[in-house]
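These are the structures in question, set out in turn.
In the two complexes that follow, chain A is the common piece, with chain B as its partner first and chain C second.
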Partner chain A sequence: MTFDERYFDIGRLDRLSYGQTLVHRLDPRAKVIATFLFLLTVVSYPKYEIVALAPLFLYPVLLMTLGEIPVRFIMRKVLFVSPFAVFIGIFNPLLDPGTFAVLPGVHVSAGWISFASILLKFALTISAALLLIATTSFPGVCHALRRLGFPALFVSQLLFLYRYLFVLAEEAMRIIRARDMRSFGRRGTGMRVFGRVVGILFLRTVDRAERVYYAMLSRGFAGDIPSLRRSRMAPADLMFLLLMAVFLSGLRFFPVTEGIGRMAQEMFG
Partner chain B sequence: MSHHIVEFKDVFFRYPDGTEALRGVSFRITHGESVGVVGANGAGKSTLLQHMNGYLLPSSGTVIVGDLPVTAKSRREIRRKVGIVFQNPDDQFFMPTVFDDVAFGPLNLGLDEAAVRERVLRALTTVSSLDLQDKPPHHLSCGQKSAVAIASVMAMEPDILAMDEPAANLDPRSRRLLIGLLKTFRHSKIVASHDLDLILDVCERCIVIGNGRVVADGPSGRILTDKSLLEANSLELPLSLQRR
Partner chain C sequence: MHMADALLSPAVGTTLWAGSVAVGGYASRRLRERIDDRAIPLMGVLGAFIFAAQMINFTIPGTGSSGHLGGGMILAIFLGPHAGFLVMASVLTVQALFFADGGLLALGCNIWNLGIYPCYLAYPLLYKPLAGGSRSLGRILAASLASAAAALQLGAFSVVVETLLSGKSELPFGAFALLMQPIHLAIGIVEGLVTAGVIGYVQGARPELLEGMAAARPLGAEVSLKKVVATFAVLAILTGGALSWFASTHPDGLEWSVRKVTAGLGLKEAEEGIAPVLKGIQEWTALLPDYRFKPKGGRPGKAAPWPEREAGTSLAGIIGAAIVLGVILLIGFGIRSCRRRES
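Up next, the complex of A and B:
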């Protein structure tokens, strides 16, 4: 993928948030809290857990279906950041070689199990976070955080990050295009030129920051980014949170997967 | 109403690096006047505009807006009165959606929710961009962005509107719409631009800045037809007045 294509792909995530489905219409705060609970539940499972994590995929799958979010798009994004998780877990099989289970003919070491567990937890958490943004929009999440009591400074930093990411990417794109147009073959694309490109980008950013601050002052900025309250927790939102809590604690505190297995055994065995 | 006045009295300004950007600028703009500020690149137009709401304070001399001299103390009060529209809308448009951006100013003025909503909708209607209200800025075209930038300043209901190169980056049709829009505003207007045709259309008075001084000040019709004056200041006759 070229730089240009990658840049335009960023915009797709928030275009998805323009949707008008049931999931999109939930109060952003409810979704933020639900996602937070979900993440907490996922990471609370012990190191060697695989089986009990499986039913948790119900949440992202439901959200994707009800929110009409394309599955392949989310999966691509999850794959895109997966190297982080892989590098965290890749040495587990070497460091933790004790036999954990014996399948017919193969000894499965504990390290492989914990590696698989890391990957599952990663897929669950990242897809939940992506779905939160895809159904709520990034600014929606920021305002929800502010109203849930996060510090103003923190939230405004996030908002600026989101706003100027695109401007900065465009700026970088222009500089890189200008470089490519005048560098023939290998010449001009080396490290030294790259260093200067980064330097110029930094200087332009500083200049821009100053102009933006001037613009903010001109419109009466005094430290906090104000926002209009545009939503109220409706019964549907509370219902959603309640269901979420029941679903998560049910999975966490009762051996649901095992139960299903037993039931299947009794029915067919 | 005589309070929508901008007056520069012998204003000097020196940048920290020693560049003398303004060297004794004096003029007085009265209520409801629309004034074009023209001059070569680097003549001091932007510096001049930045003095109007106290972003820069004069090294010597005074700037008076309404009946208040612009000082570090009166800046906040002045900024309610003078709305500045910047050259690059990306610098001005810093909130995540159009609605939030236009609401930023009124919310900072401490208005309640209903009043803010009303002002935002009115300002967006004025620049006929109401249907953009939920869009994020990176999905807008340049013309749409500059319309929103104007709305965001209009929503603060300033007495005086100052604009830096408002038609830069606009296609001819958006530029024409902007000119039509500017003509409907009854604020005191100050427009700094190289687009002399725009100034000729919108402003009845024109100030020529050169080397940090006021070189000429008079009716646009007279100044913008004075070929030798314009050429001495790196300008030329407005295209509409040039014979081919």
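Up next, the complex of A and C:
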């Protein structure tokens, strides 16, 4: 995926976060905490675990359906995103020669099992992070972080970055277009030109920051970005967190999947 | 080179989160003391600048492939270590949230690997002494090359260590390091060239900008080297100790959580824990010349051979997984079709 496509995906995620569903209305803090609990639970499974990870998919599926987030969009992002984990994981089947009896008579190399486990964890963690943004909005997450005790300076960084991301991306696109019109094929895309082009972008950025600063001063800026939305943790939010904790710890400490499988075996066999 | 959630263990992830949050708190405290309000929008807009600059790609000479800017060194040079670190951390946060580069749990690792090394090690220890405030392009080039390469080497090495301590990958230490370090040396050199190009351009066009910012941040000057080095030594020992303790108790499902709850056996574990890491380092230095895959046993965080499970149990597991996934899909489709009928 090229950078431009990823950039347009930011806009798409941003629009999705304007939704007004049950999931969108939950307090951002509750969702941030729940996402972290979920991620910790997912990565805490040992490296050969596959089946116990299956019930965890309930969380992203519920968020997607209740939050009316298009499934394909999230799936496409999960598929095309950062191949690092896959690249490192693919060595497992080559390097882990142990075998693992799946069914009577069927043996699978342990490396493939741990690779599959990495892939499942990858899908779960990435989709949880994307769904947090798609159902909460970036400013929502930032203000939640602020109220969870993150430094104000860092949070205002994040808000500024997000606000000007789109403006500067347009600026960069104009520069790229200008460069492409003056160069043929790959010519003109070397590092020397790049240094100058980015230097120009930098100077324009600094000038813009100056203008932004004066505009903000005249609107009463005193070093902090306050949020007008005063949200409180409602009973529904606490209920959501409680359910999440019960769901995750239940799955983590009891072999739920195997239990269901054994019940099914007894019923039908 | 973003670290990924799927390769992390919770212990490594949370430890590095704690480390990055601590450094972030330190940076914002230091900045708060004497920051000009003017710098707040500047920092934020420069974060957006890094993104925009990443959209512009360039051709890497000789290879024909295209690269883009990482940005840590440029931020440190223009803004100084503290502000540079905070901006880099916010860039990485946005990348984690929107591009899912790595993931949220790995964000702590990524801020550590890509933020702390350029801003707090490479910049004060390499760039400043080498460039020394001089305007000569040669010195800027040398300083950028050295610092960008060093920062990326440290970052890549940390990815190796974090992955191995998490124990999810089978790659042995030596092979993994040999895979990562040379690639990141090349990336570091390119990053250094590009950084020098941008700094050189700004120096030529608006020299007062670099000087102005340097004057506006009296931070670099009075940060004593000793303090920085001492802080890092303490952090390294703390994280090393904590990480190796967790690595040694290799998470194995329930036992791991039970052991975590019934703490108190920490000391004994720690003694056991550091030994295999040291052994691993020894083995690494010994193994590097002959580049052998998979040394027999003794890699830190390596589990005992996978115990063959009773076939019946895992059959139940597979059936259970199929049922669970089926039910989840049904729930998903059910909710969706209900919604459609409503609207």
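Everything below uses one rule, namely that the second predicted complex is superposed on the first by the 228 of 269 C-alpha atoms of A that agree within 3 Å, B and C clash if a C-alpha of one lies under 4 Å from a C-alpha of the other, contacts with A are read in each partner's own complex, and residues count from 1 in each chain.
We adopt the following convention: a contact is a pair of C-beta atoms (placed from the backbone, for glycine too) under 8 Å apart; a residue touches a chain by one contact, two chains touch by 3 or more.
Because the structure is a prediction, the values reported are computed rather than measured.
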Q. Looking at the overlay, does A:M233 come into contact with chain B only (first), chain C only (second), both, or neither?
A. neither
Q) Between chain B (first) and chain C (second), which does A:S218 come into contact with in this model arrangement: first, second, both, or neither? A) first
Q: Could you tell me if A:P139 is touching chain B, chain C, both of them or neither one (first, second, both, neither)?
A: first
Q.
On the A-aligned overlay, A:G259 touches which partner chain: chain B = first, chain C = second, or both, or neither?
A. second
Q.
Just to be sure I read the superposition right, which of the two partners does A:L201 touch: chain B = first, chain C = second, or both, or neither?
A. second
(Q) According to the stated criteria, A:L79 is in contact with first (chain B), second (chain C), both, or neither; which is it? (A) neither
Q: On the superposed three-chain arrangement, identify whether chain B or chain C touches more chain A residues.
A: C
Q: Could you tell me which stretches of chain A are touched by chain B in one complex and by chain C in the other?
A: 138, 159-160, 162-164, 167, 208, 212, 216-217, 221-222
Q | Touching residues (chain side chain B, partner chain A) in the complex | A | 50, 53, 55, 76, 79-80, 83-84, 86, 88, 90-92, 94-97, 100, 103-105, 107-109, 113, 116-117, 134, 136-139, 152-153, 156
Q: Spell out the residues on chain A that touch chain B in their complex, using ranges where they run on.
A: 11, 14-15, 18, 137-139, 142, 159-160, 162-164, 166-167, 208, 211-212, 214-222, 225-229
Q.
Could you list, by residue number, the parts of chain C that touch chain A in their complex?
A. 1-10, 13-14, 24-25, 28-29, 31-32, 35, 37-38, 40-49, 51-61, 64, 66, 68-69, 78, 86-87, 89-91, 93-94, 96-105, 163, 167-172, 176, 190, 193-194, 196-198, 200-202, 205-206, 209, 251-254, 256-257, 293-294, 303, 305-306, 308-309, 311, 313-325, 328-329, 331-332, 335-336, 339
